[in-house]
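What follows is a set of structures for review.
Across the two complexes that follow, chain A remains constant while its partner is chain B and subsequently chain C.
Take a look at the complex of A and B:
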C-alpha cells in the first residue's frame, strides 16, 4: 500500500463521511430536542432518494437536477412535519421510548408505500450534471461528485452551526436540548419548536438520500442500512451534538476506508487477517470502543438532566392471593385450550412461537421496565442461547434436556461479559452499547463457518423423539416458558427486585442506603440474558434450524416492539404484547398482500389508542373508574 | 344469532361442495417465499408460477387432478419460513412444498422437509449446501447452484489468459463459496494464476469508492465479481467513473440476469463475461412459446425469476404425472432422475444429489439502445458443470 494510495483512500473516506453526517445530523437534532428515538429516519432517507429520482426523471439539465435534490429534501421535510403533527404529538407524554414503537410502525408503512408507488426494481438515478466525470489525483481517478460531497458535509455543518448559534430558533433548540422542561416553563411554545425540529431533521435525512442518487440506486433496503449507520454516528458523536456527529462520521468512514485499503495481511504467525471483511462490523466495533472509553460519546455532555416527562414508572403492586390464583387458573386454561379443542396442529405450532416470544419479551421487560436499562441488542442473548443449545445437541450430541440447560448458560455468559461494560452507561448510550455488542456477536457467528455454519446456520436441531409430537413440545414450552416467566416475576418481588427498582428510580438514594447499584444492574442484566437464552434454546428446537438471524437486529427490535406494545410499566405487558404482535403478524401476513403496511397501521392505531401500552392503558382506565 | 345462522349456511354449502368435489380436489403446492422483502425477483417469479398453473390446469391438470398453489410470505426470516411451512403442511394439508429465496431459508426448509417427510423443491436458493452437506431424501433444487454457475464461467475466464486476478464479493456464504469454487477451478485450468486482492463487502452496504480504489491499486489483469443488486450498481458506476474496467477484464456471476442488468440502463458494463438470461435473443421454440404466453398474459417481459417460477411448477407437474399422484414416497422416486421441460430446454433432476441440470446462459455484456444486453452467448447445460460423482458422494450424507 503506497502513501499516495492511502491518501486517495482517505478522500474516499471523506466522501463517505459526508453522507453519513447528513444522515446522522437530522437524527441527532430530533433526538436532542424531542428525545424521540426515531426509527423512521432511515425511511425518510430512502424516501428522499425516491422522490429525487422521480423529479430528476422529469426535469432535465443541471438546474433540473439540483432543483430535484432540494425539492426532494423539502418534500421529506413536509412529510416529517405531517408525521409529527398527526402522530408524534399525541404520544409525547407516553413512557420513555414508546415513540419508538410509532416510528417502527411508520417504517413498515413507508416501505410498502414505496414499493407500491415506485415498484420493486432498483432505480438508478442520473449522474450529477457537470460532475459526472473524474479528475486525476496522484495518478488515481477520483469522481468529481465525491469531491462535491466532501465539501457538502462541512457546508451543512457550518449552516447548522450558524442556525443553532445565531438565530433565536437555534437558541431555543439548544436550550431544549439541555433542559426542555425549563424551556417550556419559560413560556416557549414547545409544539412549534418540536414540529420544526422534526421537519428539519426529516429534511436533512431526505437531503442525504437525494444526494446519494448519483452514487447508488434508490432501492427498498436503503432504509434499514441507513438507520443503523445513523444511530451509530449519532451515538459515537454524542447524542444531540452536531459537531460530534461530524467527527464520528469522519472516524467511522475513515476506519472503513482504511480496512478496505489494507486488504489481506499475512501475519508473521502464518495466518491471514482479512481487513476488508472487518467492514462488516467496523462501525459497531468503533462504537463499542468509544462508548467504553467515553460513556457519552466523543462530544456528548453527561450532565443533561432529563426529568421524565410522561408518566413516571408506577409502583408494581403484588396482587393478592385470590387474585393470583385467579390469574394462574385463567392462564392455565388459556394454554390448555389448544390441547383440549383437538385443534389443528398449527395452533400448537403458533402457540410454541408465542410462548418463546413471551419468554423473550418478558426477559427484555425485566431489563427495561424494573431494571430501567433499555436494550437494543437483547437478541444477542436469545441467539447465544439458541446457538449454545444447537451446538451442544449437534456437535456434542447432548440430549435435548441437557442442551436446554446449556441454552440459558450461553445467554448468561454473554450477558455477564457484555453486561459488565453496559451497566457503566445509562439511557440511550447503554442501549446502543448493547446493540454494538449484539452486532459484534452477530458478525462473529455470521463469519465463523466452521463452528456456527456461517450465514446458513445450523440445521437438524430437532427435539428428542419423546417431544417430537407437537402437543408434547407445546406442553414442554408451556411448562418452561410459563415457569420461567413466573420465576422472573417472583424475582421482581424478592428483595433483589426491590433493590433493582430502587436503583432504577434513584441511583443516589440507593447508594446512600448501601446498595451497590452497578452490581445490582449487572446481576439484573445477567438474569435477563439467561432467560433470553432459555427462550432461544427452545426456539432452536421448535424450528429445527437456526441462523445468525436469531441474534440479528430485527429480532431485538421485535422484542422492543412487544414490550412497548404491551406496556413497559406493567408485569403482564410483555406477555400481552408478544401475543398480540405475533397474532397480528401471522394473520395479516397470511391474508393481505401489503401486509407490512397493514401491520404498521394496526400498530399505529394501537399506539394512539393505548398510549401507555395495551395493558398499561387498560389498567389506567380501570383505576380511573 | 344472525351470524350463527349465516355461518351454518356457509358451512353447509362448503360441505356439500366438498363432497361433490372430493374426487376432483386439486393437488396443493405450498409455496414459501420472501415475496415482499425481495419483490424485484419474486414478483416476476409469482407471475411465472401463475402462468404455469394456468397452463397445466387448462390442459386438464396432472394425474387427473388440477393443481393449486398456496403462497405464504416468510418475511425473509427462517423462523417464520418454518412456521409457514408447518402451517401449510398441517392446516392447509399441502402435498408438497416449494420456494425459498435466501440460501439459509432454503437450507432450513430442506431440513424441515426431511423432518416432516414431505417433498420440498427449492426453486431459487443457490447454496451448494442444499444438495450436498445439507442434502436429504426429500429435498430437490431447481436452479443451477453457486458451484455450477461459477464453474460455467471458469473456461471463459481461463481463455482470457490473465495472470493477476482480484475478487470482489458479498461477505457471506454465497460470495465466499462462489469465490472459493472459482479460485480452485481456475487454478486447475490455468496453473500459475495469481490472486492479488480479495474484497469481501458487507451485503447491501458496499463502500464502492474505496473498494474500487483498492482493487485498482492491486493492479489486477482481471476481476471476478459476485456482487449483485444495489451493490453491483454502485460498483459499476464507481468503477466506470474511476476507469477500473478500462484495462481490466471482468468475469461476473449473475450480472446478465435482467433483474440486475436492467436497472443499470445505459451504464451497464460492456464486455463483461457473465451468466444470465438474454430473454430478447433466445430463439429456441420452447422459449419462444413461453415468451409469447408470458407477454400476452402480463404485457411485460419475463425476468429470470419468471423462468424459475414457471419451471418450478412445470417440474412439479412432471413429477406428479410420473408418480401418478401426490404420494410423498412416489414423488421422491419420481423426482430422482426426472426429466422435465423448462423454457431453457430439457433438464433432469440428478439422482445422485437431487440437483437439476437446468443451465444458464454465458455471454458478454453490451449496451444496445440504451439498455444492457447479453451478446455472443451460449446455453451451458448444467449437467456438464458438476464435480465428479465420487466428490459429490463424499460431500453428501447418505439418505
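Take a look at the complex of A and C:
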C-alpha cells in the first residue's frame, strides 16, 4: 500500500462522504422535526437519480446538465411534499413502528413505479460537462467531478446551517427538534412546518441521487443500499443533528475507504486478512461501537422531547380452559385438513411455509409485543438457525433431528451475543441496532464463501428419509411449530411473561420492585432468537437450500408486517397475521407483475385504516357489541 | 443506629446544583417529611436513595451499609420500597397482578417459565390490597384506574417486599382531602406497627404537619431547616424559603 494510493482512497472517501451527508442530512432533519424515521428516504435518493437521468437525456450542454440536477432535486422535493400531505400527515400520532412500516410500504410502491416508468435496466448517466476530465495528484489521476462532489458536502452543510440559524423558519425547525409540543403550544402552524421540512429533506436526498449520476448508473437497488447507509450515518451522528450527520458521514466513508486502501494484509500468523471485504461490515461495526459507547450518537442528545403518550397496551387475558380446548381442537382440525383430503403437494408446501412463518412471527411478537423491543433485524436469528441446521446437516453430516436441535442453538447464541448490546437501548435506536446486527450477519454470511457458500448459499439440505415425503414433513412442521408457538404462549402467561410486560410498561416501577430490567429483556431477546432459529431450521429442511436472502432485511420486514397485520397487542395475532400475509403474498405474486406495489399499498391501508391489526380489530368489534 | 443515614449528598445537572451537601437520618418507625418549593431537589434526593441516579458525592447508609452505586433493583432487595411522583404501575395488568408480581419478585420467583401466573397464590397480594382499600377493584386493569387509586396500588406494591424503608414521592397528589387523610393514617399505622421508616414529600401542608414526626426543609438543593413540625413552623428561614414570606405556615393546625 503506497502513500499515494492511501491519499486517493481518502479523496474517494471524501466524495462518498458528501453523498452520504446529502442523504443523511435530509433524513436527520425530517426525524428531528417530525420524529418519523423515513424508510422511503433511499427511494427519494433513487428517484432523484432517475429523474435527473431523464432530464439530462433531453437537455444538453453544461447549462442543461446543471439545470437537470437542480430540477431533479426540486422534483423530488415536490414528490416529498405530496407524500407528506397524503400519508405522513395521518401517521404522526401513530406508534413509531407503524410509521416505519408505512414509509417502508412507500419504498415498495416507489420501487415498482420506478420499474414501470424506467424499466429494469441500469441507466448510465452523462459525464458532467466541463468536469469530465481528471487531474493528477501525487501521480494519481483523480476525476474532477469527484473534487466537485467533495466540495458539495461542506457547501450544503454551510447552507443548511445558515438556513437553520439565520431564518425564522430555521429557528422553528430547531425549536421543533428540541420540543415540538412546546412549539405547537406556542401557536406555530405545525402543518406548514412539517410539510416544508419533509419537502426539503426529500429534495436533499434527490440532490444526492442526482449528483451521483455521473459516478454510477441509476439502478433499482439504489434505494435499499442508500437507506441502509443513511440510517447508519444518522444514528452514528445522533438523530436530528445536522453537524452530527456530517461528522458521521466523514467517519464512515473514510473507514470504508481505509478498508479498501489497506487491501490484503499478510498477518504474521500466516493467514491473509482481506480488508476490502470488511467494507460491507465496516459501517455497521462503526455504528454498533458508537451506539454502545454513546447510545444517542456522536452529537445527539438523549430524547428529551418524547413525552409518554399514555399506555396503549391492553390487558392480556388468558382464555378459559374450555375456550382453550376449543381453539386447540379447531387449529388441529385446520392443520389436519390438507392431510385428510389428500391434498396436492403444493398445498402441503404452502402449509409448511405458513407454519414456519407462524413460528417466526410468534417469536418476533414475543419480543415486540409483550417484550416491547422493536426489532428490525429478527431475520438474523431465523437465518442463523437455518445456516446452523444446514451446516450441521451438510458439513458435519448430522442427522436431521440433531440439525434441528442445532438450529435454535444457533439463533440463541446470536441473540445472546447481540441482545446484550441491544437491551441497552430502546425505541428507534434499538430498532436500528438490531438492523445493524442483522446486516453484519448478512455481510458475514454473504462474504464467507468457504463456509456459507457466499451468495449461492447451501444447497441439498434435505430431510432424513423418514420425513422425505411432503406429508410426513408437514406433520413434523405442525408438531414442532405448533408446540413451539404454544410454548412461547405459555411463557407469556408464566411469571416471566409478566415480568417482561412489567419491564415494557414501566422501567422505573419494574426496577423499584426488584426486577433487573436489562437482564429480563436480555433473556426475552435470547428466547425470541432461539425460537426464530428453530423456525429457520425447519425452513432450511423444507426448502432444501438456503441463501443469504434467508436472513435479509426483507424477511425481517415481512415478520413485522405479519405481526402488525395480526395485531401486536393480541396473542393469536401473529398466527393469523402470518397465515394471511403468506396467502396474500402467494396470491398476489402469482398473478400480478407489480406485486411489491400491491403489497405496499396493502400495508399502507393496514396502517392507516386498521392500526390494531386483524385480531385487534375483530376484538374491538366484539367488545363494542 | 438509624435506619437511613445520609451524609454530604450532592448532585449537579450541568451547572445546576440540584442537591448540595444534604445530610439527615431516619429512624425505624419514623415519619419524616421532606418539603420545599418545586425544584428544591426533593425528587432528586429520592432518586439517589433509590438508586435511579448516582450522586456526585456523599454517602447513603441503609442499616449501616453503603448503598450508593447499587442499582435500584438491588436496593429494593435490601428493603426499600418506593412510590413515584408520577404514579407508575403496569398498565397492561390488573390491580391484583401488579401487586402479585411485586410479591413474587420479593419471593425471587420471577424467572419461572412454565406455571401460569394465575396458579400462584394471591393471598398476600389480596391482603395488601385490602390494607390500602383496593380489594373491590382487584380485577380491573391498572390502566383504567382513577389517579388516586393508582397511588394506593403503588403503596400496596411498595409494601410487597416487607420494606424497612418506604420512599413516597407525593403519595397523596391527585386525591380528595378525605382520601388524603385516610392514606396518610394508613401509612403512619404501618410505620408504627411494622417499624417501617417513611420518607415522604408532599405539597399538601395538612398531610405534612399532620402526619410527620420530623420535617426536612429543602430550598435550592440545600437543607435549610429540620426539626419537629412545631420547630419548623417557627423557623423564619424555613418560612421565607418556602413561600418567600415568613407567614407561610400560619393557619395550619395539627
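In the analysis below, the second predicted complex is superposed on the first by the 598 of 625 C-alpha atoms of A that agree within 3 Å, B and C clash if a C-alpha of one lies under 4 Å from a C-alpha of the other, contacts with A are read in each partner's own complex, and residues count from 1 in each chain.
Everything that follows uses one rule, which is that a contact is a pair of C-beta atoms (placed from the backbone, for glycine too) under 8 Å apart; a residue touches a chain by one contact, two chains touch by 3 or more.
Being a predicted model, the structure only gives us computed values, none of them experimental.
Kindly classify A:256 by the partners it touches after superposition: chain B alone (first), chain C alone (second), both, or neither?
A:256 contacts chain B only, not chain C.
With the two complexes superposed on chain A, say which partner A:609 touches: chain B (first), chain C (second), both, or neither.
neither
Examine A:293 and indicate which partner it touches, taking first as chain B and second as chain C; both and neither are also allowed.
neither
Contacts for A:185 in the overlay, against chain B (first) and chain C (second): which applies, first, second, both or neither?
Once the two structures are laid over each other on A, A:185 reaches no partner at all.
With the two structures laid over each other on chain A, which partner does A:515 touch: chain B (first), chain C (second), both, or neither?
Only chain C is touched by A:515; chain B is not.
Considering only touches as defined above, state whether A:3 meets chain B (first), chain C (second), both or neither.
neither
Tell me which touches more residues of chain A here: chain C or chain B.
Of chain B and chain C, more residues of chain A lie in contact with B.
Just chain B (first), just chain C (second), both, or neither: which does A:506 touch?
In the superposition, A:506 contacts chain C only.
Using the superposition on chain A described above, determine whether A:495 touches chain B (first), chain C (second), both, or neither.
Only chain C is touched by A:495; chain B is not.
Once the two structures are superposed, pull the chain A residues common to the chain B and chain C interfaces.
Touching chain B and chain C on chain A: no residues.
Using the touch definition up top, name the residues of chain C that touch chain A in the complex.
Those in contact with chain A are residues 50-52, 71-74, 76-77, 81-82, 84, 88-94, 97, 101-102, 104-106, 109-118, 120, 141, 143, 157-158, 160-161.
Mind listing the chain A positions that touch chain B in their complex?
Its residues touching chain B are 1-2, 5, 8-9, 12-13, 15-16, 112, 115, 120-124, 127, 132-134, 140-143, 146, 214-217, 219-222, 225, 256-257, 260-261, 263-264, 274, 276-277, 279-280, 344-346, 349-350, 353, 446-447, 449, 454-457, 459-460, 462, 470, 539, 543-550, 554, 585-586, 589-590, 594-596.
What residues on chain A touch chain C, complex-wise?
So the residues of chain A touching chain C come out as 311, 313-316, 318, 490-491, 493-499, 501-502, 504-506, 508-517, 520, 523.
Spell out the part of chain B that touches chain A in their complex, as residue ranges.
36, 39-40, 43, 72-73, 75, 77-80, 82-84, 86-87, 90-91, 103-104, 107-108, 110-112, 115, 127, 129, 134, 171-174, 176, 197-202, 204-205, 207-211, 213-214, 216-218, 229-230, 233-234, 237-238, 241-243, 259, 262-265, 267
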